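The structure appears below as structure tokens.
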């Protein structure tokens, strides 16, 4: 533990400092208290745990699909049930696992890495989580009442329209999206405010850790792309319940309009899930090869470029709809361009690994697995960018293989690497390394066994989303192999759970900085206090814990008797003013309940929007009503 | 190479062998072209495949090589204090990464040109053909309606789930849909084209060798998306003309008593509300045209091959064969079933 | 104990959706409804004891799948030819409260099976019974007699504003 | 271990440096993105239809909407003056300007309701009906929500139960008000002038 750790965690001169700080940042007790937590560690951990549960639920749905497809003409699932399961699998993985998990990791780590005590709007953070939980409950209430979505995770119209999809099935999908994207936009807005305004003094723009850059880019993409899906899902919902004609083919509502609006969100969505993983890989590569990242400006610029280009290539999902040749050529070029930014990042990581001293920990195993799988997925993506090839393999199992390579390889492997890397920081104990490596190999082999044969199935003409196929098609053996691979992945998941629960109790005790890493979160105690740092650190370089200085500077003068943080200027983070954060309160939950009543009810009767709005209005007034006199300074 | 590096290599090699095993020519396979369009696309595919596999192997080897550097005694620059290698190492790396990035841009540019050129060639095929034959293909929920367009209305032919095309002549497919979005795709001949309600999409197919090519709906269209299959049968010009003329003739009126009994059963039950048989009073427009049903390969959009037993099972209980499809379960007693089957199979 | 209570009330909540989402793909038995005697006009019979009226309910009442199939069959069997999406043309309008031959499911069943004077054909021997019940489910949904959650918001056709919509505009409605 | 003392920095700041101001900016981006996509979709639908406005729909009147827009434009400067007064902690200035802001907002809203009632198509009629009602509905929902937010702030200031957080609230609320006014201009042009400009006479 070098000089900086000791400086930050040694008790203050007047011992009252830490006690007062711990008192003002304490969690309220009792049941009502539990529901009113608003520290970023608590809310971040809730996002992570809930999202992980839905990863397992999505995995079970994937297994059911694989058992159905294991044999030709198998009767394991009826077509109706299979359509429900594959739609719920896609929806769960995209909306209930991927985005919330990355947001949860961001909420947990960004304040720690920036050297501040909480996100900018703690109560909005709590409200965002309750909305996400509301979305999960709403979707799975639908699943268990036989009205799970059954038109796919992107519900193309007119199949998802009122005439061809009956009952409340697609409605539960549409409204679930409204829930989850309200929560995502809350997190997006508060992360932008936190990263721009609440960095440690001295942490100018070129000293922000790469993970925080990735969360910043992701947040901007969230608040620009999510409105598109809000419109797309509202198009379907309002058409189905109130009879409007947004997507009625006979009234000018072209089905392609729905596809344009949805995929304008759809492609940025997959980058919203992928860019935080770039931040994970950068953090792990730097920490475990004990070397500053090679080409920091190149990494940041390529992340920002990925963010912008992602908005310009959504039509490659629609090459088969017969758009004019010029448009297809432009979008082929745009889709190929995005491979350059990913390529630059891969080269910079390899250069860092090349000249670093690599510690082959489990997290590093996952990084190598990420590079192997993501590069293969990226290259099949380059194949899909070309129009003639895409016309042959669009909506086949080749595409299924591609996006599982890019999402599982690109996001889930770095995510597991991040779990192994930051588990000591979140729980204070190390995860078991040998078991971790076995877990990696089981996941790696199981993954390739499942999804590589799907490339071949796609080339042999097996289309996507078919609940069965006839024996003479020749797809049986490869599908059986893929099903066995899926079981191996499930085994890998179980191994991770075993390692997780075993290490929480019996893992080796980890100090503040077990990996001797560089960024500020390793200066806080593990698990960090509610106020993170007793004195906020001052960042003097890009790698605070690696820069040997004799006298390390900390911030003093923040009052300990209330929740105060430091607001710094945007460009070079000079202290500007102190900012009093609101304490924990139950109102965010009540506001979330009001909004949920409005959203869930409006599926059945439009008047619920009015009751929901009134309830939410009252809850918001209660939320912002000034109570404690301390807020009313002269 | 340490222990984990070897394992990654063996894994990738195993998967490579697996890929080659799956390459054999099969029906409905992208890499077994039966026409110029699919041929050009397959050529582009192999160009992309080998170039990108080489890149993948290079990047993976480079990544795994980073694991080995420690062991070959490279003087380990002391990272401890600054966590940064020496200045010249950094500048060497900068040059290497810059070169790699430029190489990436150049390769992507090459791929872009190859793809756009192939795409243009495929698209131009249609416009060059003067007397191209036009087929109106209309997707319905879970079957294909095929209508051979012709300036002379007497020569317009309507059939279902099967397209016959002459060899060597490009055929224009005008795609429409009556309900949801379907996608016409015959991998051996041409890339897929969506059939979208309220729009007409055009697509070109051409076969350069005789054969039967299987195609399947490629856009999720509901309960029976999996059983929406059509056959494209490419045959020489004369055989195609013979088939077309046979299709033009109305149905042959049955002579022997069993088939006449079957015709009566057909006309008395509700089959006439949906199906039509030219030459009889049945004129339903919402289900496949059965005038030449006997000559078709399959039943229920080729869910089952067209045999006597399958037809019986299909008529008595269509929901067991294709659960959720729109064919009504018509109660028919055994005495009527046999003549009906005889009559339908006689409609060559 | 509290957990048990929440589970019980959740399951009750779930049941609400059961009837709406039931998909009965393979109807059985498939009978041809010949001279359906679903509802006689009056229970009095000459000379015989008063017989209890057979209570007949539409097995597909409230099922969204049946309403959608009924809508498809309404167009496929060309009911729209005379009744034109429920507004009436040659045949009487179907969106009204005063039915000539009774608006209960059993009355509609009899009307469809036996046919009525002035042009309503008798569909008895023509279409199977389960399809008649599906068409009845759709016709009653036009009248708003089906639960609103099971009825689609609109159909994928040119929108003809149903005449009964109380239009609050001064000019002629579209 | 030397220290950087921030004790003398003010415990609050009513300016664009405060995180709340950036949060409202993100809200404006979200809503702005939504309206931009809706306008693009409206134009897409217009290009696909030959007859616009669809047969039976009246040509939009121009008088009432223009007056409503003018009232909305007048209300914006008062919101600016209120936020300046909030910076100076000038209670009377805040009250006067917030009241005027709400008055002109009320005028704008009543004119909009009058125009809204005179439409001869509803949201079920056709594509244009759906879009016009969507624009009016969504903008009015934001409008009412922000008006209530301003009203609650006004009440707090009137009963004197306000501190620097509430003054920051007044400053930050003006950001959303500027956005509401700014976003209504393109919507106004598209739904009222649209049929006249790119309609099919």
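Order of writing sets the chain letters: A, B, C and D. Residues in each chain are counted from 1.
Here is the rule we use: a contact is a pair of C-beta atoms (placed from the backbone, for glycine too) under 8 Å apart; a residue touches a chain by one contact, two chains touch by 3 or more.
Everything numeric in this text was worked out from a predicted model, so none of it was measured.
Just to note, of A-B and A-D, the chains joined by more C-beta pairs in contact are A-B. Chain A and chain B have CA centres that are 35 Å apart.
With centres set at the average Cα position, the gap from chain B to chain D is 51 Å.
With centres defined as mean CA coordinates, chain D is found 32 Å away from chain A. Taking each chain's centre as the average of its CA atoms, chain A and chain C sit 47 Å apart.
Residues of chain B in contact with at least two other chains: 179, 197, 323-324. For chain A, the set of residues that touch two or more other chains comprises 78, 80, 158, 163-164, 238, 242-245, 248-251, 254. Counting partner chains per residue, chain C shows two or more touched chains at residues 23, 25, 154, 156, 159.
Pairs of chains that satisfy the touch definition comprise A-B, A-C, A-D, B-C, C-D. Residues of chain C that touch chain D in their complex: 154, 159, 161, 165, 167-174. Contact residues on chain D toward chain A in their complex (touch as defined above): 1-13, 17-20, 22-23, 26-27, 29-31, 33-34, 37-38, 41, 44-45, 48-49, 54, 123-127, 129-131, 133-134, 141, 145, 148, 152, 156, 161-166, 169. Across the complex, chain A meets chain C through its residues 78, 80, 141-142, 144-147, 158, 161-164, 166-169, 238-245, 248-251, 604-605. Interface of chain B with chain A (complex): residues 2, 4, 7-8, 11-12, 15, 18-19, 22, 26-31, 38, 40-41, 44-45, 48-49, 52-53, 55-56, 59-60, 62-64, 66-67, 69-70, 76-77, 79, 81-85, 89-90, 93-94, 96-97, 100-101, 104-105, 108, 111-112, 114-116, 118-120, 122-123, 141, 175, 179-181, 183, 185, 187, 190-194, 196-199, 201-203, 214, 216-226, 323-324. By the touch criterion stated above, chain A contacts chain D in their complex at residues 7, 120-121, 124, 185, 188-190, 192-194, 196-198, 201, 223-224, 226-228, 230-231, 238, 242-246, 248, 251-254, 257, 260-261, 264, 535, 538, 551-559, 564, 566-567, 569, 575-580, 613, 617, 621, 624, 626, 631-633.
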